[in-house]
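Following are the structures in question.
Look at the two complexes coming up: chain A is in both, with chain B in one and chain C in the other.
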Partner chain A sequence: MAGVANPMAGFRLVAVDEKKRFMLALIAPAVLVLVFFQILPILTGANASFRDWHLNDPKKTWIGLTNYAYVVRDREFLNVVLPNTFGFLAASVAASLIAGLMLALLLNRQFPGRWLVQTIVLLPLMVAPVIAAIMIRWMFNDQFGIVNVILEAFGIAPIAWLTQKWTAFFAILLTDVWLWTPWFALLLLAALQSLPPEPFEAAQIDAASAWRTFRYITLPMLRPVIVVCVVIRAIDAFRTFDIVWTISGGGPARATEVFSIYAYVEAFQFLNFGRGSAAAVLGAIIIVVFAMALYRLLNRWVEVSR
Partner chain B sequence: MAEVILTNVRKTYGAVVAVEDLSLSIADHEFVVFVGPSGCGKSTTLRMIAGLEDTTRGTISIGSRVVNGLQPKDRDIAMVFQNYALYQHMSVYDNLAFGLRNRRVPAAQIDAAVRHAARTLSIETLLERRPRQLSGGQQQRVALGRCIVRNPKVFLFDEPLSNLDAQLRGQMRLEIKELRQRVPTTSVFVTHDQVEAMTLGDRIVVMKDGLMQQVGSPLELYRRPVNRFVASFIGSPAMNFFDVHVTAVPMGFRLSADGIDLELPQRRFAGLGAHAGRAVTIGVRPQHLRLGCTQVDQVGLSGQVMVTEQLGDEQVLAVRVGAGDIRVAGIDPELSLPTGTRINVAVPMDNLHLFDAASGVAIR
Partner chain C sequence: MSTIEAIQAPRSRYFFEALAPGGRRAFFLLGTVATCLLFAFPVFWLVLTSLRPGYAVYYVHRGSDFTLDNFREVLSQEIVLKALWNSFAIATLATVLSLGVTATSGYMLSRFRGTIPTAWFGAIYVFRCVPYVSWVLPLYFVTRAMGIFDTYWGLLLPHVAVHICFFSWIMKGFFDGIDPSMEYAAMIDGCSRWGAFLRVALPAAVPGLTALAVLCWLYTWNEFLFALILTAQNTPILTVVMAQFVHELGMEWHLMSATAVLALGPALIVTIFGQKYVIRGLKI
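After this line comes the complex of A and B, so read on.
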């Protein structure tokens, strides 16, 4: 072979070069988009976080870590924003995982009208989060909202949902769970349908009850998919902005403020770009560390089960 | 007592008939092997006995109890799957114990049963491992252990050896046979490998296209196949077949084709009378053909050696007789037979199988 290939080496080099050039040409647009819309803004933001950069006072003085020190010491950030963010993340991911898993298990069975249920279940995936949030905001409106109308029909006094911290938080959570449950259901259903049938048949012969089959066969086999879903969704939930902003605006009185609202408010309402950027960079660091830790933890859980 | 009785069992998937009108009675402690090409309905039959498929028609009873409406768990059966179907995330111990735990057997009893099964199969040292840390043969033993630990009425085997390499398959075959002697249990074994069927079965059920072709002991099937399909499926190398034309001659029949001219006596082949003037298929096992000239009670063929296969303890020849090739086995490995050599082979008349050329049914 080598003897035949050698005389061709010159030609092959050109061919490879051309191939490489072609490949570069293919990825170039993506790289350009990445550089101009991701990397440069990140660098600009990081740069801003080290400067005293107000819109009303654009001197952009280098002040080192002052902005970071402010954010880290800010009681609002530490006592409200971080607990809210992680509380929201944990509750939303857990609730939509459980609901999604239940739906997936249901849809994995044969029953009449399954396709209809499947279509209905998947509908929220096609709704823009902002639209869902506006819908929920109106549903929970204390004067015109359908929720209070129903409550009143049952003789329960209307609740001012969005003016109290925990009820507002509940409305936000409900929206997120409603939006993301189908996503979990879809992925877990695909995973369920790709599982080999034999262990389930063996379990049937082994007299495993439905619960024990789920607990000892289905769940362990789904673990790898669950881990990936949870990590992706957790990262996504950490940076939730639109539904919180639309439903409560972080209110009442910053009570439902999450990390991304905090950064936005600092930068674009208080017009302190430096501080907003510092909050954003801090958030990025937190989520990277958190996601890596979560992934390792969950991965160990999967490894142990292997 | 746990005999398994299938009565007029039929299974269809839509318009496709997987199993047609199968009736069979499997005695207590009998080991029955279902064999046939893929898609012949053997696995479906096994799964119907297990309760993993329901029957379209007919009844299945285990230990004189009709089990048609029963769940697999209530049929008191255990099954070994082709790909073992072990619970990958459980230790070997838990794999064996799972079925007992589900039945709420006391822990001490489970432990005793698991350790006893592990001892029986020599997997005591593997109890803490996970299936993926085991070799194919070890996994298969764990799958067997999962069966015997519960002491069920019936063992069902769904091609349990087909994922193993040839050497291991031979070894596991022996182990299953040995296990039978230590743990005598009514067993149904499905395979597409006729060697497994011959070596393991008390009786063999040959199936094709959902229909039971023949049931019998390995020797019965080998010696008196009821049709051409069974004859071709059982035995290795496969039986030689050639179509010949039958003409009645005084005291007998002449069977002739291109390069073939045999004369068979009337008194031993009376069944041929009905086929005079028509075509029949002659079947001869490669092992029954001998080099040399025809002697008393033998018929002979002559042809040209085309290919020789040296197997060490014997040679297998492909010999061109007329328009077709036949295989001759059991040739002295030292014998040199260059391609093109003209040879005569002879076969005792007792070892001739005759089949109706159209239907394939054996002519007796």
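After this line comes the complex of A and C, so read on.
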């Protein structure tokens, strides 16, 4: 309305429109792919979670929150799956962050053969997680596995690794840490190499010890990168599927089931697609809330420490 | 806190001096070698298993019969060759498409402020968190309904959807690190917005794009869950074929290992040539 009276306002309107059109054109392809291959499936799943939808008998009648009520009351879900998932998340992220940080510090120094060490350390990035999991299952096999052979050489009785809860959990955790430490190392190494050299020179002139240089200079400067890495990795660890599925299949007797396995088993082994979808939706809500809280918390921690 | 550290710092220096002259160096060397062994061992074991004949595979640590027959047998199977080609094609196409789609979206997030970028960033952050299981199951029905189940497109586009969130986030970081004044200069000289993006900003972001390309290629090459659910006989994918050697066709560890070693080859080449670009380009 002002556009007609004031020629300048009309000009501004057109300019804003052109800018907006450019912005929308830039994200249009991404939005299209996201809508058709992520949002549409998620809505399909959410719809199924309110229905009596067995894969062998898809009646698809609306049953409200029955599926959700079942999952929330399921002892398996509350007492095994949730503690397992969050325990796995915390242990895996903490272990691979510390190991990755140590490796990044090592690789940031100059020494002969550094290139070779770096290539070896990055090996796990090249191995498909499912292959790594198959190999671990093979190495921890109670009869033929190399781990028991080595233990026997030291006079320790062979352990049935994958048929007890905590040893199976350990094997899964070990695989995850092995797979993801290089990822942390890579991102932290990139960050280390982009740090300005002056604070380190000043520390050297002041004869600061290696530990104090690390604690008071390197670590604070790395914190933003560490926050981003931890948030991304925590989200991924929450939805781990393939290595748990391959190593233990959630067994023995569903003792190592994590959230993704629970949803998959409900949907495809018990053929209750509606209930599996309800579990998946609940998990999605939990992780979205958790990830936001984690991001806020870590972000605040970074700013306070600055 | 600080007094404790003040006491500990010199003690750790004495510790290394007490070892021996050069003790620190020996300690460092030992640690490095141990780390390398720990990281290389599962891969070493995989290679060793792939070189053992089928009858000796259960006692890999005993005996010394080695053979290349496993590779010959695996490569004579048509499905493995097809899967090698499919995996390569899918990984390459997914890399090209994902980078194309997310370069523009990351540029938008970096250069503009307002409701559209905020809403878009919120959307990708939320969708990044949604667990794979909650959309890979319905995705099966969706790709079926679209008639692209078990084709290249049916696996490619979901992969691109996976990458959109994380890559847009990282791309934003790349473009944040590039000074926009060059683009303004180009626009004053008569470049359109698209021209400024394509001719000025994009070339400056190439190191970052290369790093992401390497990571994206490796990720797609190694992906399992999507390949398992979204493909069937027509489009065999290498990771699924490998896993089938120890699931459905009996426990053929030697054949599985041989295929896995074959799959490792291209990944090794990509990593060896790509690692320096990755480290140079990945600065969040």
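Note that the second predicted complex is superposed on the first by the 274 of 306 C-alpha atoms of A that agree within 3 Å, B and C clash if a C-alpha of one lies under 4 Å from a C-alpha of the other, contacts with A are read in each partner's own complex, and residues count from 1 in each chain.
Going forward, a residue touches a chain if its C-beta (ideal position, glycine included) is under 8 Å from a C-beta of that chain, and two chains touch if they have at least 3 such contacts.
These numbers come from a predicted model, not from an experiment.
Participant: State whether chain B and chain C clash or fit side by side on chain A once the two structures are superposed.
Facilitator: Verdict on chain A: chain B and chain C fit.
Participant: Of the partners chain B and chain C, which touch A:274 in the superposed model: first, second, both, neither?
Facilitator: In the superposed model, A:274 contacts neither chain B nor chain C.
Participant: Which partner does A:205 reach: the first (chain B), the second (chain C), both, or neither?
Facilitator: Touch status of A:205: first partner only.
Participant: After the superposition on A, what does A:250 contact: first (chain B), second (chain C), both or neither?
Facilitator: A:250 sits against neither chain B nor chain C.
Participant: Count the residues of chain A touched by chain B and by chain C, then name the partner with the higher count.
Facilitator: After superposing on chain A, more of chain A is contacted by C.
Participant: Looking at A:100, would you say it contacts chain B, chain C, both, or neither? Reply first, second, both or neither.
Facilitator: Once the two structures are laid over each other on A, A:100 reaches no partner at all.
Participant: Looking at the overlay, does A:139 come into contact with chain B only (first), chain C only (second), both, or neither?
Facilitator: Second partner only.
Participant: Go through the superposed model and pick first if A:217 touches only chain B, second if only chain C, both, or neither.
Facilitator: A:217: touches chain B, not chain C.
Participant: Once the shared chain is lined up, is A:196 touching chain B (first), chain C (second), both, or neither of them?
Facilitator: After superposition on chain A, A:196 lies in contact with chain B alone.
Participant: Taking the superposed arrangement, what is the smallest distance in Å from a C-alpha atom of chain B to one of chain C?
Facilitator: Nearest C-alpha pair, chain B versus chain C: 5 Å apart.
Participant: Find the residues of chain A that appear in the contact set with chain B and again in the contact set with chain C.
Facilitator: 209, 212.
Participant: Which of the residues in chain A end up touching chain C in this complex?
Facilitator: Against chain C, chain A makes touches at 19-20, 22-27, 29-31, 33-34, 36-42, 44-45, 48, 103, 106, 111, 117-132, 134-136, 138-139, 143-144, 146, 149, 178, 182, 186-187, 189-191, 193-194, 209, 211-212, 215, 224-225, 228, 232, 235, 238-239, 241-242, 246, 259-260, 263-264, 267-268, 273, 276-277, 280-281, 283-284, 287-288, 291.
Participant: Along chain A, where are the residues that touch chain B in the complex?
Facilitator: Its residues touching chain B are 196, 198-199, 201-209, 212, 216-217, 220-221, 223, 305-306.
Participant: Can you check the complex and tell me which residues of chain C touch chain A?
Facilitator: Against chain A, the touching part of chain C is residues 5, 8-10, 12-13, 31-32, 35-36, 39-40, 42-43, 45-46, 49, 58-61, 100-102, 104-105, 107-108, 112, 116-117, 120, 123-139, 141-142, 146, 157-158, 160-161, 164, 166, 168, 193-194, 197, 218, 221-225, 239, 242-243, 246, 253, 256, 260, 263-264, 267-268, 270-272, 275, 278-284.
Participant: Name, in rising order, each residue of chain B that touches chain A in their complex.
Facilitator: 50-52, 71-73, 77-79, 81-83, 85-90, 98-99, 102-103, 130, 132, 146
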